[in-house]
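Below: one structure, written as structure tokens.
Letters A, B, C and D mark the chains in the order given here, with residues in each chain numbered from 1 onward.
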Amino acid sequence: MSHERTMDLIRQMVSEREWSQFHTPENLAKSISIESGELLESFQWGGEADIDEVQSELADVLTYCFLLADALGLDVDEIVQTKLGKTHEKYPVNLAKGRSTKYDRL
Amino acid sequence: MSHERTMDLIRQMVSEREWSQFHTPENLAKSISIESGELLESFQWGGEADIDEVQSELADVLTYCFLLADALGLDVDEIVQTKLGKTHEKYPVNLAKGRSTKYDRL
Amino acid sequence: MSHERTMDLIRQMVSEREWSQFHTPENLAKSISIESGELLESFQWGGEADIDEVQSELADVLTYCFLLADALGLDVDEIVQTKLGKTHEKYPVNLAKGRSTKYDRL
Amino acid sequence: MSHERTMDLIRQMVSEREWSQFHTPENLAKSISIESGELLESFQWGGEADIDEVQSELADVLTYCFLLADALGLDVDEIVQTKLGKTHEKYPVNLAKGRSTKYDRL
């Protein structure tokens, strides 16, 4: 499915409900944390989770991420690709291969 | 930019570093919460934030969201659009217009 | 060690630095989430964690919790004991014993 | 109220329900993040919050913090006081006074 279509639907939902007044970058950042906590709740006591719940909560995290990107005039694929370039530098393959160590301890 | 290209680049980065062994759904859900906290740190003391920091941290949240969706065989635009349909039902325009009230209190 | 002594030291640190202007309940709630994310980072890739890091990050979460309680005129032991009473009711021993199920699904 | 009494009541609740099997440090760290998100939800759209909700959610965060400290053999007041000593060093009064700047940018 097209991301542009997703953004049109999100903007329409917000516009119809006059919710943009609540969607400051700060409130959206809080919302991303709140929904991330709900997603994590699916894994609170272990690795087994209800896939429908995970899908639903992940969708909420993504929706607020998309709204924050939109509010700041950012394209989600562009900023992820830009950050990937930096991750490549911070985690050289020869040092990071097979290790979960943080870059500043590699 | 194309989301498929983003996914190819993410998968390549993970594969080259043999990181998929760490990317259980549970660990990815934790990672989304951790990165959401870093994003929120840009707004810890108020609404003014460094746009470059926000972009960088939002990219991290998105990357882990994309990885979790990928691990579960989910398409991010599809699950967001599916969830939007449910939000439409839980927040009817006539009740939710101009209000930030949660659906169970509308 | 005495909790009252802890509170005296926290209040002194804040007062000397004139930080109370930043410590609105909202900012403290954000700070608790941010520090919780840093604590969780110790467990990002599994159950093994550096005890010194965990202790340090847990202390940060607690400090902001203590500050929020103080800002609202709440005693931390009193509110935890009050909530325990409610948990007793929501999770009757005969239903909850040996199960991590959430109360609304017991 | 005495913190020792709080700990006795928490340990009794956990013991009666045979919940200690779920309370690994990792699961408790996740729980702290999850409950912090619920606390933050009280402030999702601004600084006005229901004090009863805040009290209840803050109590949940604290309960899991107390459980994690207990699981690791740590005293909450001791670790907070220890960390305060480090904060004093990282944020000298003359540099930090009236500023919310992070220590590495002071």
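Things worth noting here:
Just so it is clear, contacts are C-beta pairs under 8 Å (C-beta built on N, C-alpha and C of every residue); 3 or more make two chains touch, one makes a residue touch a chain.
Note that the structure is predicted; figures quoted are calculated from it, not measured.
Of all residue numbers used where chain A meets chain B, over half belong to both copies. The two sides are thus made of the same residues. More contacting C-beta pairs link the chains of C-D than the other of the two pairs A-D and C-D. Mean C-alpha position of chain A lies 25 Å from that of chain D. Centre-to-centre spacing of chain C and chain D amounts to 2 Å, using the average Cα coordinate of each chain.
Across the assembly, chain B contributes residues 22, 30, 33, 36-37, 40, 43-46, 100 that each touch 2 or more other chains. Here chain B touches chain A in the complex through residues 1-3, 5-6, 9-10, 13, 16-19, 21-22, 24-26, 29-30, 32-33, 36-37, 39-40, 42-43, 46-47, 49, 51, 54-56, 58-63, 65-66, 68-69, 72, 74-84, 86-88, 91, 93, 96-98, 100, going by the rule given at the top. Partner chain C is touched in their complex by these residues of chain A: 30, 33, 37, 44-45, 100. Those residues of chain B whose C-beta lies close enough to touch chain C in the complex are 22, 27, 30-31, 33-38, 40-41, 43-46.
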